[in-house]
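Take a look at this one; I'll ask things after.
Chain lettering (A, B, C and D) follows the sequence in which the chains are written, and residue indices restart at 1 in each chain.
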Amino acid sequence: MTEQLTTIGLNHYLTISAFLLGFGLFAVITRKNAIVVLMGVELILNAANINFLAFSKFNGGMEGVMFALFVIVIAAAEAAIALAIVINIYKIFKSVDVSSIDSLKE
Amino acid sequence: MSNPTYTVIFYLFAAITVCSAAFVVFTRNVIYSAFSLLFTFFGAAALYVFLSADFIAVTQVVVYVGGILVLLLFGVMFTNSIMKVQKSEVINIIPGTLLLVGMIGAMLYTFYTTHGWMPSETLLQGSIVERIGFETMSRYVLPFEMVSILLLAALIGAAFLARFDKSSK
Amino acid sequence: MLSLIVFLPIIAGLVILAVPSSQKQIIRIVSLLAALAQGVLAVLIWRGYDPALPGITAGPGGSPLGSFQFVEKIPWISLHLGGFGSLNIEYFLGVDGISITMVILTALISAIGVLSSWTIQKQVKGYFILYNLLASAMMGCFVALDFFLFYVFWEVMLLPMYFLIGIWGGPNREYAAIKFFLYTLFGSVFMLLVMIGLYFSVTDPVTGNHTFSLVAMATQSNYIKDAILGPANVFWRYVAFIVLFIGFAIKVPMFPFHTWLPDAHVEAPTPISVILAGVLLKLGTYGMIRINFPLFPEVFRAGMYVIGIFGAINIIYGAFCALAQKDLKKMVAYSSISHMGYVLLGLAAGNSEGMVGALYQMFNHGTITAMLFLLVGVIYDRAHTRQIEKFGGLATYMPVYAALVTVAWFASLGLPGLSGFISEALVFVGAFSSVTTRYIAMVSVLGIVFGAAYLLWSLQRMFLGQRKPDAAYDLVVGEDGHEHIHFHDWNGKLDLDGRELAMLVPLMLITIFLGIYPMPVLGMLTTSINKLVQVLSPVVMSQM
Amino acid sequence: MHSLIQLSIVVLLLPLLSFVILIFFNRRLPRRGDFIGVGILGTAFAISAYIFWSVIVQTYDPAFRIAWDFTWIDLGNVPGVGPLQIKMGVVIDNLTSIMLAMVTLISLLVHLYSTGYMAGDKNYGRYFAFLGIFTFSMLGIVLSDNLFSIYIFWELVGLSSYLLIGFFFEKQSAADAQKKAFLANRVGDIGMWLGILILYSQFHTFSFEQIYANLAAGKFGLSNGWLTAAGILLFMGCVGKSAQFPLHVWLPDAMEGPTPVSALIHAATMVAAGVYFVARIFVVLTPDALHVIAFTGACTAFMAATIAITQNDIKRVLAYSTVSQLGYMVLGLGVGAYSAALFHLVTHAFFKACLFLGSGAIIHAMHHEQDMRWMGGLRKHMPWTFATFTLATLALAGLPLTSGFMSKDAILAGAIGFAKTEGGGIFYLIPVLGFFSAMLTAFYMGRQIWLVFFGESRTHLKPAEDDHHAAHHAHAGHDAHTDDHHQEHGVHEVSWNMRAPLVILATLSIFFVYSPDPLDGGKGWFMKMIQTPATVVGEANHQIGDLRTPVSTATLAAAVPNVEVPAAEAGEHAGAEKGAHSYADMRQAEIVHAGHAAHFTAIYISSIMVLLGISLAFIVYVFNIIDPEKTAIAIRPLYLFSLNKWYWDEIYDATFIKGSMLLANILSWFDTTIVDGIVNGVATLVRNFAFLNDGFDRHVVDGLVNFTAFTVNTTGAVLRKLQTGKVQTYVVMLLLAVFGYFVFYLTRLIY
């Protein structure tokens, strides 16, 4: 057991990423502020990255690394677009309250 | 690798990451969450270093901390009056909590009950910057180009979306 | 070569698609250039055409080469339909004597139409895209030698026409457009059925499997004896001929199916009227010559006099209706019904004189009627009305316009020295020489008088005499002391301006030249027509 | 290609050149380019005079004929016919060369005259251009060697006549007249075209020569009735063009055109073209067709004469006299007096042109006064016009020493002979009508001379405002050169360029131009050069072979002094001369023979008739023994009948014009209501069926479906609660689903 705690293995990283993922999902689901929702998304992406890197570390391939790289890039793009959208939404609805934006309903 | 200091530092960063992430989610102030997100990113970067992906770590710091976080802060400042605490800003808290607990529990259960992971003996060692460059130019050149085009598109799109709209004035 | 001339306008359409819709002038110029390039290609094809090759049926060895020219023949669609065997459709283009003239005509009229579309202001981009699509489809119909391909072009043609009438038309445009569309669709549905029937009863002599090639279909020996439309199945061959004929007769338009034409013309904008009368009507008769008659020669011979009777009805009925019209454009529309009657009559004659006359009439009617509609458009632009009563004494004030109208009108009533006369004369010569249609010809000669009657009458009411009190324009004394007329809300040139002259003068020169020396066109026709007459004659039938 | 052919083609094309130049550039040229028209016509006349000289005077041969043609349309190797070409060509024989000279001469004179008459008109240049194209088309008719090109130029003549009649197109009456003329001609042309078609359909050629050869060879495939029909139909073209009954109505209205045009087209040349055409096709006419032609001509001559006596418009009188004279010519052809008819054509062309130009001079001098009732006493003011006009009148009336006398008398002699040969009876009606019209002619011409030139001027008697006069002033610009006061001192002799044509034409109406013997045209060169060709139909004995073999017959023809000799010699000598004078069938020979027997009878009767007519005119108008007004009242119905031109216009208007308009309206109503109604009805039917179908659908099919629909509906209502539109709700559902799968997966994993 102690051995399992002291030697840092794959599971440690997976655990961290699991927590990040859970928090991210929680934020995406529960928070009304669009910005915070975005932050949640970022958390999820980070969780994914950690997993990628961990797996590539522990079986010696480069794929995970490369994908992490791409994920970061895409995350940046996504953030930019998303924030722009948020700004537009704010322009239109005069609020960033996601729950008040339900024109998807009808 | 049973170097104790190493272990301690790892746990330290892991704690920073997870706790700040939790703070991001649970605090009611957007500014606070934004700033604590900063710590999450740093923690993640540190963990990348542990995973011997130092280039990724640097990228993480540069892109996330230098770019995305600043963007988020701008967003916050555009949309809220600073330091203002918003009331009643959570919805469907129960399913959220359920999912949070359920997901995390389930995943941890999975991780620690399954012994499917069989780490290969050849671990990733040392700096991988050179190899990244090599892979980028050889095997992942097409995704690389696509991603660059995507970035360009995102850039233009963002500029277009957030442009100063005359008609709205 | 042919693919280029067919798809050039579509390419232009794609280019226009890229041009922002605010750049109206660029759009117009692009389509004009495309039309001119098409014209150049048409001239090249004309120069390269060898009038000695007959066409109509396959050349030596069952291959189109040696009979058709500029042939492009590549497999296009090849489906395996399990029980039905395999469906082989070819991309098969080629010209012979009966299509080369139409190709030239189409290129000419498309160019003229673009010029005449210059004044279109509403949604220029969409207009020209549809226009170019239409131009391509028309050209394709004339050069397609695969029935399926022909059918595709035929259907593609409908849609742009529908929108061009329905969007850019006059007050009652929706009705006219939907009427045109339904009529033609009604016709083409039957065509589809007959086409499939033919596919399963014809085999390609070379490859031995079923084919849509019209060249193979035109040779009776390629038919499977007891197939649905094989020589044995007399009844179904008659049915097929009749429905196919109706399909084409609607386009012509023939007497009972003609009522879409006046509405469509009255509602359509001027360039579309020009295209409609100049080219589309020809497709009906072209289809008869290319598909209907050579594929069912014995039925054609049995039905000659019926076709002739319908032709005579068209001639006289159209002339009378035109005589009664108050709307100038409607009168011209009925006049083209009457003139297409000559084509039907000439075809019904079934001999070389008649058929040459019919084809020549198709060409001349294309140019002359285009001229008529352009002239109507000129006065409509100025006066915003086409009521004949609203004019009078125009010859005094618009001498050039009056002169051109006089020439066009006389060309339309078949004055010697202008091309319309020769074709009508040949039609009558043929129709009278063939015993079947002799009496029909004697009756339809009346059309000459009534044609002269309505044209001269309208000419007199609009241009001669004095200005009518309720005319659509005022008399004002100009600074030079002479009286001029002034149209309400028209500030362009009173008489014809350069663009209008650029549209009209070439047509006029063609009309006069072909009226004095017809051989440039007839020389291309005769070989093919003689071949066609042979194909249709009972001698050939008895040989198989 | 023979040099004469080349020259004739030049003659043909010169007027076209004048047309092209003037129609495009008249405004840029000095004097609107009238000198071009005159000059070109002068050249044309010079050339055709040379042709005339070399054909008629040098080679003095009745059978002279040269032809040339080229392939115009090549229809290739037509199945069933073989190689088929449509040829165009030119033929020159005596008739052609005479017509050529005549047409160009009169056209030249009219051009010259018009420079004075039309001076100052705003469309002056265009006028000469139209004259040019008319001359071109007329020469085309004269030169054609086949039916097709004759038809082409026939229509072109119609066109140019249309343009010239409507030259003052601002006048409604002129516009009506031109339309009427063109349509009437078209009606005639239909017949002509059908006749051409009948001949073509048998022989697949339009050329005269081949058609005649085939006919003579008896290759005509259809029944003889068709042949007669062909003759009559071809004659219909003549009926339209030379204004024979029943299509004569357009000619008097055509006087709306400028007077020189009336002289050129509607007196001298175009109307004569019909007669010329009948002469060209003379040989295909069967006896029955000839009878029809003869009676048509007689009726026309008589009817027109009766109308002419009551007209007041100076030009209308002349117009009707033209119709009447054309009737004479047609009559002459019908009775087989071929050369006499053509002789009359030429003589009439000259003196009638003279009369029209003279009347033009009068109208010009009277400032566009056309009503004879307001003229008078012009003798003193316009001596030249008076002299020439009178001379031409005498010729028209047919007094001895004039050309008209010889030709008309020859025709009447032929008519008598014809009646005799045909066995009398009804056929005597033809000469009788002829002589009666001769008397009427003398009467109305005497009346005209008297009213116009003698007595005192009656200008002041004219009603103050006269719409006729106003109408003339209506067409703008035409009065630019005439001062509006038309007192008598305004009347003066016309200038030289209008006088010279009168003199020339008057000279050409004197007998010695045509024949040394004032009493017998038969002794003249004309009758020798123009001889009846052998018919190729009917009871023809096929001598087509030696019909036109020039060389052998030339000497013979030269040796023969005049026409009755061959008939006489035909009895005595062997058939050598028969070939020479080409009486292929005995019928024609008999007619001509009897005609010459009746020669002096005709002279006597016609002279008596003419004197009768003139004396009647004197009795009525000079000595006023009979007062015309009283007479008119006495025989009012007849008077009105004549004054209103036998009501032909009214009849046609009531029947054909109204009828066709009615038919047109009915048909267009039928078109819009019935045909289109059916179409729309079908559409509605389909739509209604669709509605019906829809009802069935709703009540029966839906009835079954509705239950399902209901359940679906309720579930939907429940599920709709979940549709909040909030993204996060969806995310929750998504994740719940994922979680569910996750749990499921885990359980699988465990057990």
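Basically, a contact is a pair of C-beta atoms (placed from the backbone, for glycine too) under 8 Å apart; a residue touches a chain by one contact, two chains touch by 3 or more.
Keep in mind the model is a prediction, meaning the values are calculated, not measured.
Any chain bridging chain B and chain C, meaning touching each of them, is among D; the list is complete. Inter-chain centre distance (chain C to chain D, centres taken as mean C-alpha positions): 35 Å. Centres computed as Cα averages put chain A at a distance of 6 Å from chain B.
Taking each chain's centre as the mean of its C-alpha atoms, chain A lies 99 Å from chain D. In terms of their C-alpha centroids, the spacing between chain B and chain D amounts to 102 Å.
Of all residues in chain D, those touching 2 or more other chains are 726, 728, 732, 735, listed in ascending order. Annotation for chain B: residues 91-92, 95-96, 99, 103 touch two or more other chains.
Counting partners per residue, chain A has 25, 29-30, 99 as the residues that reach two or more other chains.
By the contact rule set out at the top, the touching chain pairs are A-B, A-D, B-D, C-D. Those residues of chain B that touch chain D in the shared complex are 91-92, 95-96, 99, 102-103, 106, 109-110, 114. Across the complex, chain A meets chain D through its residues 25, 28-30, 37, 98-99, 101-106. Within the complex formed with chain C, the chain D residues making contact are 72-81, 84, 148, 151-153, 155-156, 159, 166, 169-172, 174-176, 178-179, 182-183, 186-187, 189-190, 193-194, 197-198, 200-201, 204, 660-661, 663-665, 667-668, 671-672, 675-676, 679, 683. By the touch rule above, chain B contacts chain A in their complex via residues 1-2, 4, 6-7, 10, 14, 17-18, 21-22, 24-25, 30, 33-34, 37, 40-41, 44, 47-48, 50-53, 55-56, 59-60, 63-64, 67-68, 71-72, 74-76, 78-80, 86, 89-93, 95-97, 99-100, 103-104, 107-108, 111-112, 117, 119-120, 122-124, 128, 131-132, 135-136, 140, 143, 147, 150-151, 153-155, 157-159, 161-162, 165, 168.
Interface residues of chain C facing chain D in the complex, by the touch rule stated above, are 179, 182-183, 256, 258-259, 317, 320-321, 323-325, 351-353, 356, 393, 395-396, 410, 415-417, 421-422, 425, 428-429, 432-433, 438, 441-442, 445-446, 448-450, 452-453, 456-457, 460, 463-466, 518-519, 522-523, 526-527, 530, 533-534, 537.
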